[in-house]
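After this come two complexes, each holding chain A, first together with chain B and then together with chain C.
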Partner chain A sequence: MYLTFRRNARGTTFVELLIGTTILALILGFVARWFFMQKEYQKRLTRISDIQNDFRRASWEMIQEVQMARTIIWPRINSDDSLRSDTKLVFKDFMGRIISYYHVPGTKEVRRCVIPNGPGDPVVNPAPIGRGIATMTFTATSPTNRVISYCMSTDGVFSLDAVYLMNAD
Partner chain B sequence: MNRRALSFVEVIIAMGILAMCMLPVMTMFGSSGRAVLKSQNLAFAVGLAHRISQHLFDAPYEAIVEVPLPGNAIAGGPDDGFFNPLLNDKTTGAGALRITQAQLPELWMFLRKYDFRYSLIVNNVNFATGDQMKCVGIIITWKEGGKDLLYKLYTYVPDL
Partner chain C sequence: MDMNERKGVALFLVLGLAAVFVPVLLYLSQTGSSQVRLAVKYHEVHQSEAAAIAGTNSGLSRLRGNMTGLQQLTNLLIGEIAYDLTIQPTGTGLLTQELYHLFSKSAKGQHTFILMSDAEQMYPDPNPPVTVISHDTWNTIEPYDINLAADVTSMENLRGQDILSYEAVKNYEKSVSKAAYSSELMSKRSKLPTELQADWASIVSILESEKITF
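The block that comes next holds the complex of A and B.
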């Protein structure tokens, strides 16, 4: 006489549950690791994109005004004709006003002010020309004083550009 | 058969399908990242080309000559008036900084990583005696993801 046992297959065994949980944990571990890596990567890319927008905005503002300027007052090339750089740019605009763009390292801003042609304090624009700019340098390279190069950088993102004065005296 | 619970095989199959569905999402993130990097380098190249064009307006007319492809490297390149020397906060030429690993390492590394170069294509345009100009094609090239990319800007420099 033999007894036959029919197996009841209505659920999972403990071992199967353990194996399934382990595999699920491994998969979720990989997914979580990938997710956080992508999150950091996307954050970095967003930051790069924001920095480029900041550079574009600042460049646009400066180029519009400087290319119509009449003369660059500072920086000017050195006496040995070598180039000269500074974090501020001073020029006479097409209306004859003395304007300065200057970099403020503490706030990472480029600001604009109007320097009075006589006694008085400079009048600073309420809003900065550029934000989030870690370094900014204006460079005079030419004896004719008609080209100003500038270099901006923030967190490994760079912008190299220049402006030619179309309206120079 | 009373099927009130999941079998082990069903759970494994479900996890496999979940993993397969994650794959396109993962590739989507990767391609959006590449697009941002591409726009970063393109924006930089546009600035470089504009910089060269502005310097060309101020350069002596006869000094505007062709720079054939593959072009001059900007990092560690020759003294050309466009990029090298780049900065100088001193009162003599001794303080001039060039885009080299020693003097401007961060910028040098970025330019070398993508191998940014510039070349110039110069064509003379004569309207009449004494009325001529140069049509200069400024080509910025760089390497990205194993591909050669370029940005081209044309500018016209009159003989004043």
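The block that comes next holds the complex of A and C.
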């Protein structure tokens, strides 16, 4: 009775506390490691998602206009029918104006410039149509100048798409 | 171990568990954040556009299958995405072909997408399928009701303005000589962004060679 009382009354020893704390620290360590790994993974996914959103936004802007355009002026396939790529695209839009999309590597932007097909000065859109795009190339693939492919890349994420022009000259 | 000590241990465990689970819950809430909503938005945009394009193709196929007259088809499905298709006769052409307006509309979430094109249905000679020529296809993200005449007219007026602008450009190209046309374009070179200046002479050369002359 006396021994039992003493045993129950003595509280927690330092060693028991140490073992308990160590186990808890280990569990917390594993959980924290898992948590930070997940956080890093999520950061990476968010970054990729952001880049893809930048690509989608730029694609959307360009496709809306280019699919309605009349003809691609630049780039054109080479005389031996081989493909030609450039960092700028020039086309006649539905209204016959000369429009150019061009990549600015320094700011990672794709910009749009309207060049009047007649008297008047060129006007560059105040806001870029694409942001966060490290490289961009337009490739002529068709002798009829009605298809243009384009490739965008940023931080190892790529986007490849093509537009077919629906309207004739 | 008396009651107070047990309470202490229980409190310690509860606090420990809270310390573990609060960051986990935070992480889970982050995954449902704006990035996901943005991705859903773009997904809806693409789905509505794809359904509208598929709708146009199905409309052209109907005309090729020698189906004639007004067709107002609603809630057609491409997979799980619905689209409306309206094929509207507008008269007879010079070659006695039937002329049509062809509308395809798809809405997904907050996004509406309409494609409109003119189609010419040539009569079968002697048998179907018939030749269908589709041209001047254009699109809009305005939430038009394509079965309402007023909305169709406003779409046409909008496009009509563009066609008038194109007419003005064509008239200009016809009215100037190749040399004057080229000279006018070359005079813009210094005002262009530097990215365009290097190849501008080659671009102008192509424009000059394809200038409308008649």
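Simple rule for what comes next: the second predicted complex is superposed on the first by the 154 of 169 C-alpha atoms of A that agree within 3 Å, B and C clash if a C-alpha of one lies under 4 Å from a C-alpha of the other, contacts with A are read in each partner's own complex, and residues count from 1 in each chain.
Everything below uses one rule, namely that a contact is a pair of C-beta atoms (placed from the backbone, for glycine too) under 8 Å apart; a residue touches a chain by one contact, two chains touch by 3 or more.
Treat the numbers as computed from the prediction; the structure is a model and nothing was measured.
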{"item": "First (chain B), second (chain C), both or neither touched by A:118", "value": "second"}
{"item": "Which of chain B and chain C A:22 touches, first, second, both or neither", "value": "neither"}
{"item": "First, second, both or neither for A:49, with chain B first and chain C second", "value": "both"}
{"item": "First, second, both or neither for A:73, with chain B first and chain C second", "value": "second"}
{"item": "Which superposed partner A:146 touches (first chain B, second chain C, both, neither)", "value": "first"}
{"item": "Touching partner for A:94 - first (chain B), second (chain C), both, neither", "value": "second"}
{"item": "First, second, both or neither for A:107, with chain B first and chain C second", "value": "neither"}
{"item": "Which of chain B and chain C A:31 touches, first, second, both or neither", "value": "both"}
{"item": "Touching partner for A:82 - first (chain B), second (chain C), both, neither", "value": "first"}
{"item": "Where chain A meets both chain C and chain B, residue numbers", "value": "9, 11-12, 24, 27, 31, 38, 42, 49, 52, 56, 86"}
{"item": "Touch list for chain C against partner chain A, complex", "value": "1-2, 5, 16, 19-20, 23-24, 27, 30-31, 35, 38-39, 42, 45-46, 117, 135-139, 162, 165-166, 168-170, 172-173, 184-185, 188, 191-193, 195-196, 199, 202-203, 206-207, 210, 212"}
{"item": "Residues of chain A touching chain B in the complex", "value": "9-12, 16, 19-20, 23-24, 27, 31, 34, 38, 41-42, 45, 48-49, 52, 55-56, 59, 78-86, 137, 139, 141-142, 144, 146-147, 149, 151, 153, 156-164"}
{"item": "Complex contact set, residues of chain A against chain C", "value": "8-9, 11-12, 24, 27-28, 31, 35, 38-39, 42, 46, 49-50, 52-53, 56, 60, 64, 67-68, 70-71, 73-74, 76, 86-88, 90, 94-98, 100, 102-104, 111, 113, 115, 117-119, 121-122, 124, 166-169"}
{"item": "Residues of chain B that touch chain A when the two form their complex", "value": "1-8, 11-12, 15, 18-19, 22, 26, 29, 32-33, 36-37, 39-40, 43-44, 47-48, 50-51, 54-55, 57-58, 81, 83, 85-93, 95-96, 106-107, 110"}
